[in-house]
Structures are given as structure tokens and as C-alpha cells.
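Which chain is which? They are A, B and C, in the order written, and residues in each are numbered from 1.
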Amino acid sequence: MTVFIRTLISGLNLGSIYALIALGYSMVYGIARMLNFAHGDIIMVGAYSGIVAVMSIGLPPIVGILLGVIVCALLGITIERLAYKPLRQAPSLSILITAIGVSYLLQNLALIIFGPEQKAYPMFSGVKSFQILGAKIDGITILTLAVTACIMIGLNLFINKTKIGKAMRAVSEDKGAAELMGISTDRTITVTFAIGSALAAIASAFYGATYVYILPTTGSMPGIKAFTAAVFGGIGSIPGAMLGGIVLGLIEQFAKQYISTLWSNAIVFGVLIIVLLVKPTGLMGKTIQEKV
Amino acid sequence: MANKVKLVPGKSPNLFTERDAGKMPVLECIHLGIDFGGLHAVQDFDVAIGPTEITGLIGPNGAGKTTIFNLLTKVYEATSGTVLLNGIDLKGMTTPQVCKMGIGRTFQNIRLFNNMSVLDNVKAAMNHTIDYGFATGILRLPKYAREEKLGTEKAMELLSIFDMQDEAGDRAGSLPYGEQRRLEIVRALATEPKLLLLDEPAAGMNPAETTELMENIRKIRDRFEIAIFLIEHDMNLVMNVCEGICVLNFGQIIAKGTPEQIQNNPEVIEAYLGKKKEN
Amino acid sequence: MKKKNYGNLFILFALTVFFAILGGMLYTGNIGRQFTNMLIPIFMYIVLAVSLNLVVGLLGELSLGHAGFMSAGLFTGCLVSIRLYGLVSDPLRFVISMLVGGLVAAVFGLIVGLPTLRLRGDYLAITTLACGEIIKTIITNLKITGGARGLDTGHVYSGAKTLFPYAVVLVYLTVIVMMHIKNSAQGRAIMAIRDNRIAAESIGINVTHYKLAVFVIAAFFAGAAGVLYGHCFANVKAASFDYNVSIEILVIVVLGGMGNIFGSIAAAVILRALPEMLRGFENYRMLIYAIVLIMVMVLSNNKKVQSFRYMVTGKLKKKLRERKAAKQAKKGGEMNG
């Protein structure tokens, strides 16, 4: 029972991280119709900015995280402006390749600046741990879950209640019609990239707190997993990304605990394939019937 | 719905024109219908078309005309009723199988293979003529050259009937609109259909192009001796070319008959113009 | 038709010249060790790119699992090669192991191809990626393939001089098969599916059949290439053939041009050689690679660059047409005269 609870909590923890990253993938996809392959590497940038802020400059951890959020949001906007905006009308494969190029670029910049050796992520070392039903749970895990829940609620409110949020939904529904209604697609896309990247920066703090060590390639596997989560939930759908992330995290941790650490990735991807075969557009994706 | 339908040649109750009165119909739809989540998109569609007849399918937007074409070509599977092609039940067949059985079609929004040449668009549809497997193609066996040559000749012949032989090497997507529509018809003909379905062939055409299209439609029927079933909003075209017309409204047939009969049918006038205000 | 065949002849001619030069350099020893080590991998990347182009360029489906097929072929082929070592002559051993590797990869291609019948676009892309990762995990966890430590291919390891002829033959085979498919009824059917699936079905093309065939054929060549690739190293780990390799192959295909065989070959050579050429810059080479990649994509989709290119090619075409017309007019004149 203790093991089960612990696995459940760590699954939710990992799932929260995936969900936060997946949200960025899904929002960008919904609005710009592009797979932002470089999104995973934003996590890495967020983590390194945290390290620099706390270790080199000596700022308190919470300021470090905020700084990471700002850096990532600005980075997201810059990448969009420089690399993706010129390709709005280009075939989707060209955009995908550009995103891959941006991913290589970020990884190699980090490699040059921070070197190939791993760096320890310093924050939250002093947070207490709790006992839940006999299982020892890190305080940071509780914090992750709480913050993620708040963000999800906040994001839903933002999307549904605010003017910009409504604009985002309108653009993702029908770009042309949205423009005719006076919504600026460019501005909406910029906002989307900023929010998505900021979420990735928050995810990076939780990732750093859970896995401690950061490398220039740190972002790529969680990035792929989060992408999987976004597709799993139905890419373009915000609740889908949240659900997909959580479910994926749970599957991964339970597979690691009860089956095998070595096979956990294969199991995660296997479940993805099975789900897609049953529901070809993911758990919460809309079924698009091509009109003949 | 019973799959076996007794067909007596020349006595199909659904045939409604004089032209092929004594013959067995090429297409026979019996109580054909489809529901989309409770909505009866098409209901009790009973129509028969003679083997060399030009039949029009008209009706207001959203009446279910294209849905009927999609039922005939198995883009959708019917929820009720039967489709018989030369007396063979098409139940359970796929789109490619139906094509091989002899139904060719064009689309309302042109669907060409835009990045392929005009000639290749036609040759891609010639499964009857160019018949060899992967291995023959890869190993370039003598059969490959023979079949390809024959295929090219036939495709060029088909293109030249519609005066498109000079565009054979052009990219299909680069053709002007009218020629794209024409190429789509040529491509459908290349499958050697017994029944050709044309979905709004005159849409977007100017009067001169429409006149040419009308000639082409007659030419196709006379030359290939096949039946044509067409959806069209251009009443001039429909009334001039079709021997029989079927009017659809809200998924149901409201009238069938010759152009004269349709023109004078009060129900049709009501469907198109609305009810007359009673004084 | 005629024009295309000239294009094919040109590709084969260019390949032959390329092979002749490299072969000459290799066997006369006028080539550095570093370059020798690169040779077989470059050839294998040509095979991988050309075969992936069948899926991405001709069929129009995004596949991110090509490295998985390569890996499946590599490990079975190398295992066969290790078992056969000393039992049969070397050429026979290479051929058999390449065939077995290719066939096993083809079986995986069939399995991975099945979801493509139901999935489209990005959903398919992530599925192929997932399949590739699953293949990787399976191989990493099997005892017979050496587990996480990798398969010891030390005693079947062969130098570039030994592998060169086989690699050349494999490249030729792949290129010729792709060309022949492209210019056949099957190629037309495949491209028709890419351009418009619904219209393709309406003219009697069995989409299922062709999609599976494409995945099987592409996987076969990736697998065969994997076998030779495995013989270049003394130890191979499945972990080195993850989705990053698939992405690398995809980048080659896209930069070379969709459905463009010559483009795939050229891009494979340049992109594989480029990072090596930049060895002097060490840390900066991948950075430069990334920047070049982004620049090429942004510039090639730039309206001004495009219109400039159309202007140049348009002028060339116009000139050719005028020349042709003049020739015909001359001929006609002679006949009339």
C-alpha cells in the first residue's frame, strides 16, 4: 500500500511536469498549427537560468524561478519572431525542420556556455517532507502538485474568460475568420509562445527539483514525452494536454515500479499507440471528418 | 433490408424516362438512406438510371445531393437500402472496389493530383489498362514497357478527345480552372466507368465554358455509351442536357421526371422559391 | 517521360563518378583515416535518406521511426554475420546478413505501417517515433543483442576497403529501385495517395495496399543499410539509434527536396560531411549546422528568394522553349522548302 501511494504520488508529480510542458506543445499547435520541436529545450534553458540566478548571482530560489520564467517567455517570443514567423505560409515540414534546427541551436549554445558536465539544480533543498498513509512524500512533490493544479485552473479561466484567451480560442478555431473579426493573429501567436514557454520554465523548476542534475540535452526526453502526452490527450486540446500529461506520468511511474525500469519507456509508447489506434485523434481530440 | 431484389429487365419501377425504357438499368437505388446521428440525411432514395441516360440531380443547398454520390461511391456506407450496379449489390464494398465495378466520379471541390503531370493524372486512373505488379515495375520486365506504352497511348487518346493533349506534360495544379475540371472528368473516364458521376461540373464556369461542357457531356455519352448522373445548380445546363431529372429536398425525392415535367411541378417551384403567400 | 529518364541517367552518372573518385582515393591510399571512417556511414545515410524519401516524399507521410528499422536490421544482420563467420565465404556472408537484416526490418515496417492506415499527420508521426523507441528498448533489453552494453561485433568488423563494394552496390540498388518505383504505375498510385487520398480511392487505388508496401520497401533498405553500418564498428548499441537519428535522416530528406532522389543523395553527402569538415571548430560545428539548417529553411521559403529563383529558372525554361521552337520552325521550313 505504501509503495502504491508513493508510486501514485510520484506519478502525479512526473505527470504534472509532463502536463505543464504538454500544454505549451498543445497551445502552440492549436494556434500556429506547428509542432514546436524546440519546446523541450526551453525547459533546459529555464533550468540553467535558475542555476545561474541562484548559484552565480546569489538570488533567492523563488526569484530564480521567476527570472527563468521571464527568460523563457522572452526566448519563446524571440524564437517565434526570428525562426517561425517568416515561415507562416511554408509547408508544415519546413517549419518542423526549422524547429529541429532551433532545438539543435539551443542545445549547442548551452553546451558551449555551460559545458558538457552535469550541473546540480540547487533550489528547494530545505523543504520538509510529509507522511501520507505511511508513505514519505517530499514537500517539493506536494508543492509541484499544488502549483500545477493552480496553473491549470488559472489557465482555464484565462482561456475562457479573458479577451486574449478568447482570441486564442478564436484563432485556433478559424484563423481567417478571427482576422476578419479584428483579432491580430500575430499578437495572439506571440502571447501563446510566451505562455507556453513560461509554463515550460515552471516545469523546469519542478524537473530540476525532482531529478537534480541538468545537462544541455536535459530537455529532449521530457520534451518528447510531453509531446507524446499532448498527442495522447488530443493535440490542440488544453484539457487533453493536462489529462495526457498526468496519465502518461502515472503510466510511466507505475510501469517503473511494478514492471521494469528498463521497459517503462516502451510501455509508455506502447500505450500511446494502442490509444491512438482506438481513438485516432487522442483522448480528447476532435474527430475531423474530411468533407468530400 | 433484403439484399435480393428481383430485377426484371425493362420493368424497373424506378426508371422514369423513355430513353432506356426497354433496358436493364445500370444503376438502381432502392430505399437508399443514411442517418448522421439521428438526422436522416437521405431517406428512401429510389432512382434507376438507364445504361446510356443522362440524369440530373438537383435541389437546394444541403438537400443531400453530394451525400448520395458519397453513398454510391462508398465514402459513406448506407444505413438502409440497396444500391445495384448492373444488378450487383454493392453492399460492403470499398471505394476502390466500387470504382472497379464501374462507377467513376468527379468532386465538387476539384480533387486533382496537383503535383503530378496531366498525363500521370490520367494514367494513375488506368488500372484496367496498365496492369503489372511492383516487381515488374522495379525489375523493368518487358511487360512494363509494353503496358506503359499502351497506357500512354490510351491516355493521350483520351486527352485528345477533350483537346488536352498539349497540356499532357504540365503540372495538373498549374492548369487554369476550367481545364482542371475537364481533367477531372478525363481522369474519371480513364477508369472505364459504366456510370459517371459529375458533382457540379459547371460550378465556377463562365457561359462559354458551360456551353462547351454541355457539348462534352453529350459527347461522353455518345462516344463511350455510358450513363451520366450529375449534380448541378445551372438550370440551363440541367434542362438542356438531362433526359431525366430528380429533385431532392431535405434528403427526400420530391419529384422525378423529364425536364418539362420538373419545370411545371408545383412542389419543385415551392422548394426553390418558397411557398406562395395566400391572399 | 523522356525528360525524367534523362534526369535518372544523370543521377546514375553522377553517382558513378562519385564512387569512382572515392574508390580511387580509397584503394590508392590517398585519403585520410578520418575520411575513410566516414565513407561507409555516408553511403548508408544515402540509402537511409533515399528510402525514407519514398515514405515522406512520395507517399507524403511523416515518419520519425526510420532509425528503428535500421536498428532492427543492423542487429539481426550482425548476429547472422557473427554466426556465419568462418562458415561461408565473406561475400556470401555479407549478402546473406544484409538480406536477413533487410527482411526483418521489412517485417517491422509492416507492423509500423499498420497504424498508418488509421492515423494521419502528426498523430502518425508520433506513432512512428514511438515504434522506433520501442524497437530500441526491445533491442537494448534482449540478451542476445548484448543488452545495454551493446553487441560485440569485433570479429566481423570490416574496414572501409572491404565494405566499399557492398555499400556501392546497395546504394545503386536503392537508388534504382526508388527511380523505378517513381516512374511506374505503383509510383503514380503512391503519389496520387499523397496528393489526394479521396480522389485516389475514387479511381480505384487501394490505399491500404500501397501504404503498407511503401513502409515495407523503405524499411527493407534501411535494414540492409543498417547491417553494413554495423560492420563498421566493433561494438554497436541500440541506444545510439534513437529518434534523433530518425530526425537526422528526415532533415536530409527535407533539405534534399521531397521526392527528389538526387537531392537526397547530395544532402546526405553534404550534411554528413559538413560536421566532419568543421572538426577544426569542435564545439561550434553543431552550432553552425543548426544555424545553417534554420537559414536554409527560412530563406528557401522566403517570397523574394523564391521569386528570384522562379525568375532565373523561368528565363532558362523560356530560352529552352524558344530554342526548341526555333529548331522546329527550321525543320518545318526545310520540309516545306
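In this section, a contact is a pair of C-beta atoms (placed from the backbone, for glycine too) under 8 Å apart; a residue touches a chain by one contact, two chains touch by 3 or more.
If you're wondering where the values come from, they're calculated on a predicted model, not measured in any experiment.
Visitor: Among the chains here, which has the CA centroid at the largest distance from chain A's centroid?
Guide: Chain B.
Visitor: Write down the chain pair with more C-beta contact pairs when A-B is set against B-C.
Guide: Answer to which pair has more contacts is B-C.
Visitor: For chain A and chain C, let me know how many angstrom lie between their CA-based centres, rounded off.
Guide: Going by mean C-alpha positions, chain A sits 33 Å from chain C.
Visitor: Distance from the CA centroid of chain A to that of chain B, rounded to the nearest Å?
Guide: 50
Visitor: Let me have the rounded angstrom distance from the C-alpha centre of chain B over to the C-alpha centre of chain C, please.
Guide: Centres of chain B and chain C (C-alpha means) sit 41 Å apart.
Visitor: Counting only residues that touch at least 2 other chains, which ones in chain A make the list?
Guide: Chain A, residues with two or more chain partners: 292.
Visitor: Mind pulling the residue numbers of chain B that touch at least two other chains?
Guide: 75, 107
Visitor: Do you know which chain C residues sit against two or more other chains?
Guide: In chain C, 198 touch at least two other chains.
Visitor: Looking at the complex, which residues from chain B come into contact with chain A?
Guide: Touch list, chain B to chain A: 66, 70, 75, 107.
Visitor: With touch defined as at the start, can you tell me which chain B residues reach chain C in the complex?
Guide: Where chain B meets chain C, its residues are 73, 75, 94-96, 99-100, 104-105, 107, 111-116, 119-121, 123-125, 127, 130-134, 137-140, 144, 147-148, 151-152, 169, 187-188, 190-191.
Visitor: Name, in rising order, each residue of chain C that touches chain B in their complex.
Guide: The touching residues are 1, 3, 177, 180-181, 184-189, 191-192, 194-196, 198-207, 213, 217.
Visitor: Write out the stretch or stretches of chain A touching chain C in their complex.
Guide: 29, 35, 83, 86-87, 89-91, 93-98, 100-102, 104-105, 107-109, 111-112, 220, 224, 227-228, 231, 235, 260, 262-263, 265-266, 269-270, 272-273, 276-277, 280-282, 290, 292
Visitor: For chain A, which residues are in contact with chain B within the complex?
Guide: Checking each residue of chain A against chain B gives 292.
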